[in-house]
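Dropping the structures in below, format is structure tokens.
Look at the two complexes coming up: subunit A is in both, with subunit B in one and subunit C in the other.
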Partner chain A sequence: MTSWPIRAAIATVALVLMMTVTGAAGPQTTLEFWTISLQPFFTDYVNRMISDYQRANPGVQIKWVDVQMQAIEQKLLAAIAGGVPPDVVNLNVEFTVRIAEKGALLDLDAAVPAAERAKYFDGLWAGGRFRGRSYGIPWYIAPPVLFFNSDLFKKAGLDALNPPESEDEMIEAARLIKDRTKDYGFMPLIDGTRLMHRFRENGLPMLSEDGKRAVFNSPAHVAYLERYVDLFKKDYFPDDTLRRGFTGAVERYSAGQLGMLLVGPQFLLRIKESNPEIYAKTFVAPYPMGRGKVIHAGLMALTVPRASKHQQEAVKFALYVTNDENQLEFAKLPGTVIFPSTKKAAADPFFKQKGAGPEWKARSIAADELKFGRDLTVVVSNQSELYKIFREAVESAFFGKMSPKEALDWAVREWNARL
Partner chain B sequence: MKRRTTLIAYLFLLPALSLLAVFTFYPVLFGTVLSLFEYDIINPPRYVGLGQFQKLLGDRYFWIALTNSAKYVLVVPVIQLCSILLAVLVNRRLRAIGLFRAAYYIPVITSWPVVGIMWTWMYDQQGVVNWVLRSLAVIDRPISWLSHPTLTLYAVMFVTLWKGLGWYMVIYLAGLQSIPTEYEEAAMIDGASRARVFWHITVPLLRPYVLLASLVSTMAAVKVFEEIYVMTRGGPFFSTYTMFMYIFDEAFQELNMGYAAALAMVLAAVILVFSVINFRFFRRGGLEYY
Partner chain C sequence: MPAFRRFTILLLLAVLAAPWHALVLGAAAGRSVPDAFSPVPPALGLLPVPKEVKWGDGSFGMKSTTRIVVGNSATDEDLYAARELNEELRARYGTELRIVRAGEIANPSGHILIGEHASNPHFEQLGLVATPRLSRPEEYMIWVTSTNIAVAGADRRGTFHGVQTVRQLLRPSGSQAVAREVTIRDWPDHSMRAVHVLLDSASGEFHSALIDRILAPYKFNTLIVEAEHVQWESGRPFWSPDARGATKEQVKRLLEVAREHHIRVIPLIATLGHSEWVFAGLSDPATCQQIAYIPKRLRGAGGTQVTCDRSRGVFPAVYDPVRSITLDGTATNLNDALILPILREAVDLFRPDYMHLGHDEVRGPGGVRYDMDLYLQDIITLSKFIQPLGVRPMVWGDVLWERRQEAEAEPLFKDLPRNMVIVPWKYEDVREYPELAYFRRSGFPVIGATWYRLHNNHYMSRAANAAGVLGMVRTTWTGHFQNRAALTRAYRQLYTYLTAANYFWTADRPAPDRAPPEAELARRFADAWTFGASSPGRIPGTLLDLSGVATQRHVDDDGTGWLGKGSDTDLRALVSGRHRFGGILFEVLDPQRHEGKSIVMLRGERDVAAKMPRRVTMRWRGRAACLVFLHTSLDRALNFGDVVGSYTITLAGGRRIGIDLTFGRNISSWLWDAERGIPSIEQEMAWTGRTKAGVDVHLQALRWMNPEPATAIQSIELASTGGRASPAVFAITALDRCP
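So, the complex of A and B:
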């Protein structure tokens, strides 16, 4: 006959063992979550968000993988092809459309209930739409602002307190900076397909209303391109603008060799890291808008590959990442200047607060710009091929192989043959 | 006994053959079959016969890429000539000659991303190349070497030359050291000048090495990719858009795996043609020939 304490001890051990076994045998789902370039600045934020989710959803494990922007598309395709797809993937609109075209993404209009969809800005929810269906849950957006080097402005005789307010004024300021300081005034974002955004920002459409014809060879389109070709020939922006785009612009600006920089406000962090001296001379102003009174603001979205084995759980997690609380916390992180895609979070008084330093200024400017912000990515089938043709046409015009009119006429013909 | 020896020989060959089977024969076979299909990784492949090959005849980017790859072969004679001269130069009994040989070999062992980024900086408008040329009054305003529709291809070719020189130099150095000194000495005694000895004794005896080096460098030139990818991505204005760059784009950007395989088949044929030409030119020569 065993004594009472011994029996109690045996019973406790058995109970603990049973509980452990039951716990281990419970359903375990591991979701793989891919983000674009959030490490190392946002590692703590994402980890905290994940552990909160895991605590609230026992049985779900999140495996977070951060991927560089340049690599994400290829990595995703390789993972899908290899039968090991991630479950939730952060993509921009261009990539979302390209991968959705292959039928590899989950239709989120069908997977997300209407009540949930209504929480996001309609325009942003429609951002990831291809052939009438949405493939991305909008996450965050950052309308670009104008950074300028107050030192170079002063040297060029420009008033740093009166920065250019329109595209015309910006071009004029760029001319003065180049003429008077020998440094370039700006590197316009017209490389590759970015000219499409500029056209649309100036109220010049790329496609007919039914989306079936290319229409970007009107006299107004030609005149717009001609203006930049002329500036290029007169050396008002550097030769490598077309090759290096905004990466080159950020580098040149950070080195103190560029008067103005048009980028998302989040780039302040990078300038601060690479050259605190230039950061100290940096002033922020609203994006000098074109005639269309609309600004191209790149949207980041969360997508779910169709090959995911846990689609329902993945959608649930994507909705959690983009919910009001999480987006607001993300936007409030020090040094961050991004905006939420949900209506409630965007209405938070935080975005109107004033503080010291260019980040605060950039935030309040960008908040004011949100009403003009839209993702102006041109959504077409056969996207890569059409974009390549457009790029070739634009470069032909800049390098004098064709006149701007001939180049745009040719590209329109090629597009129409494929649309 | 003989059977046993043969068996053992095959046994020794087995590891290398299995590696070749997995990493060469199978991909070649798979690629050939793939070129007859339309395949985008995500959806199942669809048989199209020779459709991909017909498509590439009317594809302007194919012709642009093929022309650029063919132009790139221009680097071959230059690199061969320079490396032979360099090999002759370092084939002397000088003090610390090993140091010079090592110095010329360093670019060969430096990885392409490092070389590419380094030369991108050097070619910059404010880079060292422009600075030197301006200091010497060769140019009056900086040239954007990697953003110029005509110059860029040659600028990248120069980097290929710079990086490859040491590799071919080593091949030629081995060749030079295998030539018995009696031949050259005999010619000298007969009153031949140094240049005559070089052109009529050294170069003909080096021919097998020229064949090897030219073959390897022609293949490398037609398949050029890394330097283009790191430095220009095929731009500006598609002036450095080579066949390999196009294959990469089609396969991994646009997911046209079948079309990329068809392009690769054409590239293989082009390499074959260049190899035959090389054999025709340099087949004769070498110590055993004379």
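So, the complex of A and C:
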């Protein structure tokens, strides 16, 4: 009987030989890669990246499927339940946590070597963490900025060179735009669970420090919500704000019927496509920060379903998609304003360069905001039901079913019974 | 140390190290009661709430000599209403009445008269005259006196609705059906009261039952059916419908059932928006790339730009109806090649007055704005195609409302046909619906569309009434298809039809805070659905005593009871003692009299449940045809249908019969499910209460039928799978017979 190290060495050599043989003549491995709404704007980029990978990994084929944001969670769960999961899936933090809770995602703290993990910003690596484990490899992040229609600013008597710097100033500007132009000034991001981010951006916590109690019904929380309910009742933002969120806001802004737009800078491309005239009138300013001096910057991550038949290969491909080179190339695409999740790519001089046009302005502003950016998604068990309760409370306050205080008190009671 | 001694010590250590609470054994006594089950009379409140109701003190009781008297010229439709009344009597009271024509009886006293007022001479003979005359469409009057029930309709639909109300008025009295004296005059606020459903190859029987047991009895008069997956012949061979879609024969049967129940059917073909069905049916993936809507700037790029993946059901967001495509070497476009031929086929099949053309949520990829001129032109093109066929177009109203400034600025806006019905939808609990009045002002007929929420249905129906719209539709969203599975997977969407039924008929009553709660609606729906279950009278049985196996208490004064969250978050609203839920008598223990214990809580992930036993076995010797468990789970399971525990009944002779506790079907969380409401028709909500903090809470009942009722039961084992939705048992009742 040989000793353990010798046996291990023999096994390793055998494995390597086997892999080599398999790589040369064995069957192809097909990895299915799902992204969220990258077509048709980024079709060429993703195809190019895939071709390069396939060339470098002759045994691997990548099948790319681009899924709409509103469909991805349901389709993924259906695919997993049907025993035919994709291998690498682009998810945001909210979806990642919800699907990880079902035990359906691979623990990437275990699957990714420490040296690889160290390449990503620590805070972003922890972004997809649920019950102490990470389930998403950070991909890209885009802190929101303020776009505004300089024409509507002018008509409202506002100075386009001095855009609002705080949330209070933004609300005041929105009032003036509506009063003086009849067009809406803004569609605040308070629909559904986004109000949670606004609370946290203003230093108002959702949970107690031990995470066991909901605390979002303090007088300060109530006052914050009351302020927006009052603006809504006075018609300072349209009713589809609560139903359609930033999708409706981008559409309305692109039609020239909205003064200010708070979105990730990557939406500039869609404004440009939808209405070049409005794009030409668009100015960019820093996101008007709340009192908490932190900005919710949604993180996109790559996850690997636990049921993937090619977990190792999938992790390898996900690390390739998110490596320094690929992220940098993604960030440099014309008209695109996103930021990489790896330290080296983010340090590239490109992000310090100055240029003409709203994209360059947006990039420079968002780069400055990165230090305030965090994914403020509230991570809790039974997330879908708790979020639903929160959404119901917010809608009840806006649509007059309850007062803001009653609505938040109700939601806190319901959360506390479930936490 | 001797080997034996070492073994003994190890064994002791192992026993100590093992969870001491892995298994609890206990004997359970029981108290015999003569009325372990006692039938519960059906709900009292009339739904929809009639406009005018004057109750009397007496009642009319049916006898074997009672006849259902229809007019001398009664048609099949009138006779159908009479037969429905008879079916109700047969199913619930085991009786049936002869149906006769007015001329066959000389004295109408003691009988049930139905028909349009003028068609039955006995109305006047009895002095039953509607003043003022019944003149509104679908209006009816009911007179229940000690000698008669009379239902007079302004038209056939009115008579039909009146008979449905009479069905709700009937109550058991001994073995007899009786109705309390009352005079009702009633008419609808909305002339079109619709439910939107989806067809599939298995939906036929389900929709027929839905019409017969729910929609017609609750006075809906229109179905809007999503029909894009019907097995259309058009477009072949380049396109074919999803094989899971309904056949044309099914549609014909549905139309027949609907006609019998005075229900009009409007087909909905989802065009432009939600058009996955178009892409999914293409035989050549290259065509998918050709018809996909591509934003202007990218149109010239060529090549593959969007995912068309049939295996994943992933397709572009929306198509371009007029983009030039080549099929069989011929240049054409999607409208000419597929959409218009399908519309023609649908007209031939349904012979409808209206056709719904979809056109909702039309957006380009990534949320890019769809060209408004293209959008308007498509509505005009499709409308011009169906109007000469005698069909009025209908479209969803979201795009025309949300982008109204852009739409109005387009010259094409003026060309939209003004007889086109616009259906604005809003599903939140909103109070204001300005889009209804906006579209009316713009010259369009309007139907308001709601979803399952109470306030949404109440306030939109009121606003619609004020705006003078054509009607209301309650939408149902169960994916692309819909069949019996909706009863267990989307039950909330079904039982809340009753809310819509009420407010579509009587828009302003009851006020939302006085409306029946969802648990009652669910019970009422289930009762109507299982129509046919007769009432068996009292059944003796045994209330099992859980005191020997109880592991926890349901109240929490000191942070150690129930979930350990204190008195604000416990089940003290359930007072200890005997309670009758759903006809079953249960005994809930008083923890003060049983060493601080009242329930059998089993092991789960929560801190408090982690200390509980994984399984508990009760020794109980007795015979039972049925066992009814009053129980709940401490949390929601991760997924609907997860097995969270089991009950195993051991019969004399050793046969063991297991019952899986399946979340959402026979057990649910003690907290109201904010997402699913009552999750399935199988889920029997036994008790509803509220915590001190004001949170709605529930217990459920699980009924188990013993396949060997003559064999004595020896033991009942209660077990948990140990997850977050761990079970807790509050009471068990054994019944000598099953109700």
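As a working rule, the second predicted complex is superposed on the first by the 393 of 419 C-alpha atoms of A that agree within 3 Å, B and C clash if a C-alpha of one lies under 4 Å from a C-alpha of the other, contacts with A are read in each partner's own complex, and residues count from 1 in each chain.
Here, contacts are C-beta pairs under 8 Å (C-beta built on N, C-alpha and C of every residue); 3 or more make two chains touch, one makes a residue touch a chain.
Quick caveat, the model's predicted, so the values are computed rather than measured.
Peer 1: Judging by the criteria at the top, classify the pair subunit B and subunit C on subunit A as clash or fit.
Peer 2: In the arrangement built by aligning on subunit A, the partners subunit C and subunit B clash.
Peer 1: For A:169 in the superposed arrangement: first (subunit B), second (subunit C), both or neither?
Peer 2: A:169 contacts neither subunit B nor subunit C.
Peer 1: May I ask you to decide whether A:41 touches subunit B, subunit C, both, or neither, giving the answer as first, second, both or neither?
Peer 2: The answer is second: A:41 touches subunit C but not subunit B.
Peer 1: What is the contact status of A:251 with respect to subunit B (first) and subunit C (second): first, second, both, or neither?
Peer 2: A:251 contacts subunit C only, not subunit B.
Peer 1: So in the superposed three-chain picture, is A:230 touching just subunit B, just subunit C, both, or none of them (first/second/both/neither)?
Peer 2: Neither partner.
Peer 1: Looking at subunit A, which partner touches more of its residues: subunit C or subunit B?
Peer 2: The partner making contact with more of subunit A's residues is C.
Peer 1: Going by the contact rule set out at the top, does A:65 touch subunit B (first), subunit C (second), both, or neither?
Peer 2: second
Peer 1: Which partner does A:275 reach: the first (subunit B), the second (subunit C), both, or neither?
Peer 2: So A:275 only meets subunit C here.
Peer 1: Looking at A:80, would you say it contacts subunit B, subunit C, both, or neither? Reply first, second, both or neither.
Peer 2: A:80 sits against subunit B, while subunit C stays out of touch.
Peer 1: After superposing the two complexes, find the one stretch in subunit C that runs into subunit B, choosing from 3-11, 165-173, 219-227 or 237-245.
Peer 2: Only 219-227 shows clashing C-alpha atoms.
Peer 1: In the superposed arrangement, what residues of subunit A touch both subunit B and subunit C?
Peer 2: Residues 102-103, 239-240, 242-243, 257, 384-385, 388, 392, 395-396, 399, 401 of subunit A touch both subunit B and subunit C.
Peer 1: Okay, in this complex, where on subunit B does subunit A touch?
Peer 2: Residues 40-43, 61, 124-126, 144, 146-149, 232-233, 235-238, 252-255 of subunit B touch subunit A in their complex.
Peer 1: Would you pull the subunit C residues touching subunit A in the complex into a rising list?
Peer 2: 294-298, 301, 304-307, 309, 312-314, 317, 363, 365-369, 402-403, 405-406, 426, 428-432, 455, 565, 569, 635-636, 638-639, 671, 673-675, 691, 693-695, 724
Peer 1: For the complex, which residues does subunit A have touching subunit B?
Peer 2: 73-74, 77, 80-81, 102-104, 238-240, 242-243, 257, 384-385, 388, 392, 395-396, 398-399, 401
Peer 1: Quick one: which bits of subunit A touch subunit C in the complex? Just the residue numbers, please.
Peer 2: 37, 39-41, 43, 64-68, 71, 75, 79, 101-103, 239-240, 242-244, 247-248, 250-251, 254-255, 257, 270, 272-275, 381-382, 384-385, 388-389, 392, 395-396, 399-401, 410, 413-414, 416-418
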